[in-house]
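Next come two complexes built around subunit A: one with subunit B, the other with subunit C.
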Partner chain A sequence: MGNGIQSIHPFVMFFYYLFVGFYAMFFNHPVFLLVGCFALVAVNLTHDRGSSMKQWLPMMVGMTLLIILVNPFINSRGTHVFFYFRGKQVTLEATLYGVVTSMSLLMILLLFISLNLVLNGNKILYIFSRILPKTAFLIMLSIRFVPLLKRRLTEIQDVQRLKGRTIRQGSIRNRAKSGMAIMQILLAWSLEEAIETADSMKARGYGTGKRSPYNPFRLTKVDRQWLVYLFVLFIISVIGGLLGYGKIIIYPKLGTLHLYSLDWVVFASSMAIILFPVFVEGREQLKWKYSA
Partner chain B sequence: MEVFRLNEVSFSFPEEEQIVLQDISVTINEGEFVIIGGASGSGKTTLLKLLKKELRPTGDLKGDIVFRGKPVEEWDGKRLIEQIGYVFQDPDNQIVMDEVMQEIVFGLENLGYSNFEMRKRVAEMVHFFGVEDLLRAKPSELSGGQKQLLNLLSVLLMKPRVLLLDEPTSQLDPVAAKELILMLERLNKETGMTIVLVEHRMEELYAMADRVLFLEKGRVLYNSTSREVIARVYQDETKQLLAYLPSFSRLYMEFESNPILDSIPLTVKECKQWIGQDAKEQAVQPTVPGKAESSPFLLQMEDVYYRYKIDAPIVLKNFHLTIRKGEFFSLVGGNGSGKTTALRAGLGSIKPQRGKIWFEGREIGKMKDSEWLGKIAYLPQNPRTYFLQQTIEEEMLINHAHLKAEEAERRMNDLLETFGITHLRSRHPYDCSGGEMQKAALACMLMSEPDLLFMDEPTKGMDPISKQQLGELLTHLQKQGLTIFMVTHDIGFTAHFANRCAMMFDGEIAADGTPNELFKGNYFYTTAINRATRETRQAEVLTYEEAVAIWNVHETI
Partner chain C sequence: MERSRNYLVAISIVLLLLLVVSIVFFHYKAYLLVSLIMIACITIPFFVRFEWREVAGREIVLLAMLAAIAAVGRVPFAGLPSVQPTSFIIIMAGLVFGAESGFLVGAAAALVSNFFLGQGPWTPWQMYAWGMMGVSAGLLRNAWWMKSIWGKCIFGFVWGYLFGWFMNMWIIVSNVEALSWEYFLGIYVSSIYFDLAHGLSNVFFLAVFSASWIKILQRVQRKYGLLV
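What follows is the complex of A and B.
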């Protein structure tokens, strides 16, 4: 599962996540958002049958419920009053606003779970390196150091523990002292080792001129087609949204929730954006089954 | 054609009187495989760094270094970077990027090559090395040997004319080291690449080297073919270099009544031919484990199971080990066999999921820190992790407030004397050389008179002379009652100094016995001299010293 989407060029995926993120914050019609959430659940299911979504489930449910329940009680704007709680009015508008906010956040959370699976590690750095090449290079260098530092830290801890310096036992004061000592060794040691790293960079010509970054991904014809697909639909959705479709008025007085025919057009085009990974995956499946 | 020509090159560091290199005149020809040997501090690494312009240390350089007919200074920077490749000692420190693929193209990116050229070179070289499956891996997931191969690969992608390597195998286990050396030999033979290699572990290099260079105190002592160097060392009686020669060549020089230059054996095969195959089939002596000693147990590990994470593979399983008082125990085994984990369990750094560990008959997990502090000492691979104080003297005295001042002083002086580091007492530990730092750390630990000393790869990256000194020192300490638990790859060292050893395989102890029982008869896990003397007319030996002691028959050869 999820092989189809991994072969899509990171740039296409980048725009996909950008557009869906935009969608989640731009539209506020509850139907739009609710169906958007379901669509993203479907997208996550195609990635890994929802196993990473499961890990986040308690967090997602908790957050949604919390916002829906708490918002009406701390926010008393709106005109349709349900009842009074400790002298403050609890309104329909505030309740609905809570629902909309929580779903919009839920969508973004789902989006990040998917992003984490698809644009992992080097793909995200690759996108970065096109926008901010120096920063991306620096990030790469720093990530490289993490496992090194971790290994050195365990080694130092092993040695210092036998000298009675440990952060696992003793008074807080002593633990803090030991921690500082351990950090001091780690820093001195790593700085010294880093000299060799710098030498190795110099020996391979770092800093002799402009770098020409290696490009591990190639934009294929299919990628270009999907990119056009996403952009066209996105433009339709944005124009629709600017004209007021897919949006509702909540404060000060709740407007209509009715969906007009043009609302449906905007709805369809934005759904087509969100479900893009499902289409990719489906196409892949069909090809596998019927091409031979 | 000459690749390098050095004309009376001298070098010294600024504000230091001592001269690092003096009047070095050497020529290195295209396609040669040159190895450079010499004790630590003899200037080997400095010499190598002088050949690579970007790494040249700041200091006073006299004489000229000519690369392919043109002084190095006149070359275009980028061309020079490409044409002279350099591989460093530590496999980890050289790696810059977080993905293997990114790492190998790092140099090409810096030099501004097109994506087309990068893809082409990567495709070719990766195939030659056979490491396609590693391309998407992270460097931190690779073994030491794989990392060093990756470093070599990333240098080779720049298509160098000459390859300089500074002790590339010193941090590797014997099998990985061998693999790297074989790769170098293949490069030299198949592509004619010039290779200059600085090494301590030279035993197997003599056979493939076209030329051997020995440095001493910044001067070239020998510069000739392998066999000639060996013969000259014996002729001049250069005692300090004997330890650098292959042990089977030493056997030949010692036992052959009139040695001939061309038949000095450089490989196990040649040595066997010289001794002569044993005519009659020797009955295989079944090795009987020696009788148990009677001294009390110091450390017992019973039925220990350990894994780092719940879904990670098991590192230790059904691990049993007992160490008696006064033993010098050595644990050997391949990479990833769980040696280091076993040591850490013994230290109490990790708590096994199953099984028990006793120290002096009491369970480690249930003891208070104060009960074992000072009784267990641990010398890590990198002694730098030990020091916190400004001077060695302070470090030695800091944890001994309970002792009377003069008592502590006396003990410190004794130790400094024993270790021969009295002159370093007021020096900052980081300003000492690797070997000195190790001795200093050991001296500091012995201040509290520990019962048990753990050591992790104490001979890594050491030259043969320092190794010998360390071994003698440890034997001396053992005689004074110290029990030693060592984890190592170094079979030669183990065979020479340990009195009990065990081989680990797949999380268990596969065999346990004296070095003789354990190593004699193995194909790989043994010393080269043992391989050379097995099934020959002479008695099978593990070390050169053993041969000298028990072979007394010049006439039979």
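What follows is the complex of A and C.
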């Protein structure tokens, strides 16, 4: 599973994440946000059956509960009073605000989990190499050095352990000291090596002309269709949002939570944006099963 | 100088507009969005300068290597909670190679380490905080007190707190309506221990290792004539 979304062009995915991130911060109707969270959970399930979501689960649950529970007690704005706690009023408005804020944050976290899976290092750098080519090149080089340096670190640590210098034992002072000594060896070794890498780059013609990137992604017709789909729906939801649909007034006095028919239009179009990866995946499944 | 002043004026107008827009249209809800745009506005000139400057291949590779070392530095210290040499390495890069290089190493180290530890809404904040650590080290490198070991230690200690305080901001900004003194204080009090550990480990590393690291970095700088 998850192959369908990987074949979508990075630019399309970039706009998807931009739009959904905007959605999470723009609308504040609890129904919108709650369903948005569920939709993003579904999106994450299509990526890898939710295995990377599980790693973040404690943090997500902890943060959500903390905001929902703490907000009504530290914030006493609003007019619908539930009860008094140590002389401060606990209001419906503050409780609801906590729910809305935590949902919005939860959506952003879920979005980032999906982003880490779909727009992995290569693809995100492809997007930025169009805007900031040199910086993207620097980052790319740096990412490539990380596994190399990790390998060197284990080598250095093995040798140093034989000499009795280890980070695992002793007082904190000594452990920090030997850790830094290992880093210093890594520094001296790697700086020399970096110059060699640079010289070999130069020998192969780095900097002689305009950089020509290898382009592993091609914008196909399907990608263009999805892009139009996302943009049209996004414009509908933003116009709806600017007219006040999908939003509630919390302070100073809670407004109505009722959803009008136009609210449902905005709701449907924004859900259609959020569920876009699910549609891509579903389309692949249908094609796989029913095409001749 | 003239151009940078124009940029500042333009940016302040843009930020003012954004604040007005966020208050009128978003009902005070988009502080996270506005704060991210502010961070982008402040960091863009650094990246753009790097794009426009003639940079030799050796210099790019050197900067990338320093950022990678700073990012990897978290690995051997995994057994020691909230002790990490990343800040120390960024300060060293700023001290030896100057403010712009310090910024690039700091921002790149944050971005690169998060590729492995997980990107999140905190990434831009970390990039900004560590980038500014490198910038300030670079700008102050010729100050008389920065040459002494005591000055460096105080600088590292202060940055331990500044970094933590700045990283607290992203939590506050994303829940700004709940802002009250208790909430504000609660978040800052809960981070005191971590900031103290960060600051003290900076002081320890700077006191014990800064001389030898500066020597190693300056040797490379002089030998190959890089980033002077």
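In the analysis below, the second predicted complex is superposed on the first by the 292 of 292 C-alpha atoms of A that agree within 3 Å, B and C clash if a C-alpha of one lies under 4 Å from a C-alpha of the other, contacts with A are read in each partner's own complex, and residues count from 1 in each chain.
Here is the rule we go by: contacts are C-beta pairs under 8 Å (C-beta built on N, C-alpha and C of every residue); 3 or more make two chains touch, one makes a residue touch a chain.
From a predicted model like this one, the values you see are computed outputs, not experimental measurements.
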Kindly say whether there is room for both subunit B and subunit C on subunit A in the superposition, answering fit or clash.
fit
Superposed angle subunit B/subunit A/subunit C, CA centres, nearest 10 degrees, is 70
Just subunit B (first), just subunit C (second), both, or neither: which does A:Thr197 touch?
both
Once the structures are superposed on A, label A:Ala188 by its partner contacts, choosing first (subunit B), second (subunit C), both or neither.
both
Applying the document's definition of touch, where does A:Gly209 land relative to subunit B and subunit C: first, second, both, or neither?
first
In the overlay, answer first, second, both or neither for which of subunit B and subunit C A:Gln160 touches.
first
Who does A:Gly179 touch here: subunit B (first), subunit C (second), both, or neither?
second
With the two structures laid over each other on chain A, which partner does A:Ile74 touch: subunit B (first), subunit C (second), both, or neither?
second
Kindly classify A:Leu115 by the partners it touches after superposition: subunit B alone (first), subunit C alone (second), both, or neither?
second
Mind working out whether A:Asn28 is in touch with subunit B, subunit C, both or neither, as first, second, both or neither?
second
Which partner reaches more residues of subunit A (counting touched residues only), subunit B or subunit C:
C
After overlaying the two complexes, what is the shortest C-alpha distance between subunit B and subunit C, in Å?
9
Looking at subunit A, which of its residues have contacts with both subunit B and subunit C?
121, 141, 143, 157, 184, 188, 192-194, 197, 199, 201-202, 206-207
Inside the complex, what are the residues of subunit B that reach subunit A?
52, 54-55, 77-78, 81-82, 85-86, 88-90, 92-99, 101-102, 105-115, 118, 138-140, 151, 154-155, 158, 344, 347-349, 369, 373, 376-378, 380-382, 384-388, 399, 430
In the complex formed with subunit B, which residues of subunit A make contact?
121-122, 140-141, 143-144, 147-148, 152, 155-164, 166, 169, 181, 184-185, 188-189, 192-194, 196-197, 199-216
Given the complex, residues on subunit A that touch subunit C span 22, 25-26, 28, 56, 67, 70-71, 74-75, 94, 97-98, 101, 104-105, 108-109, 112, 115-116, 121, 132-135, 137-139, 141-143, 145-146, 149-150, 153, 157, 167-168, 172-173, 175-177, 179-180, 182-184, 186-188, 190-195, 197-199, 201-202, 206-207, 242, 247, 249, 251
In the complex formed with subunit A, which residues of subunit C make contact?
25-27, 29-30, 32-33, 47, 50-51, 55-58, 60-65, 67-69, 71-73, 75-77, 79-80, 83, 85, 88-89, 104, 108-109, 111-112, 115-116, 118-121, 174-175, 177-178, 180, 182-183, 186, 201, 204-205, 208-209, 212-213, 216-217, 220, 224
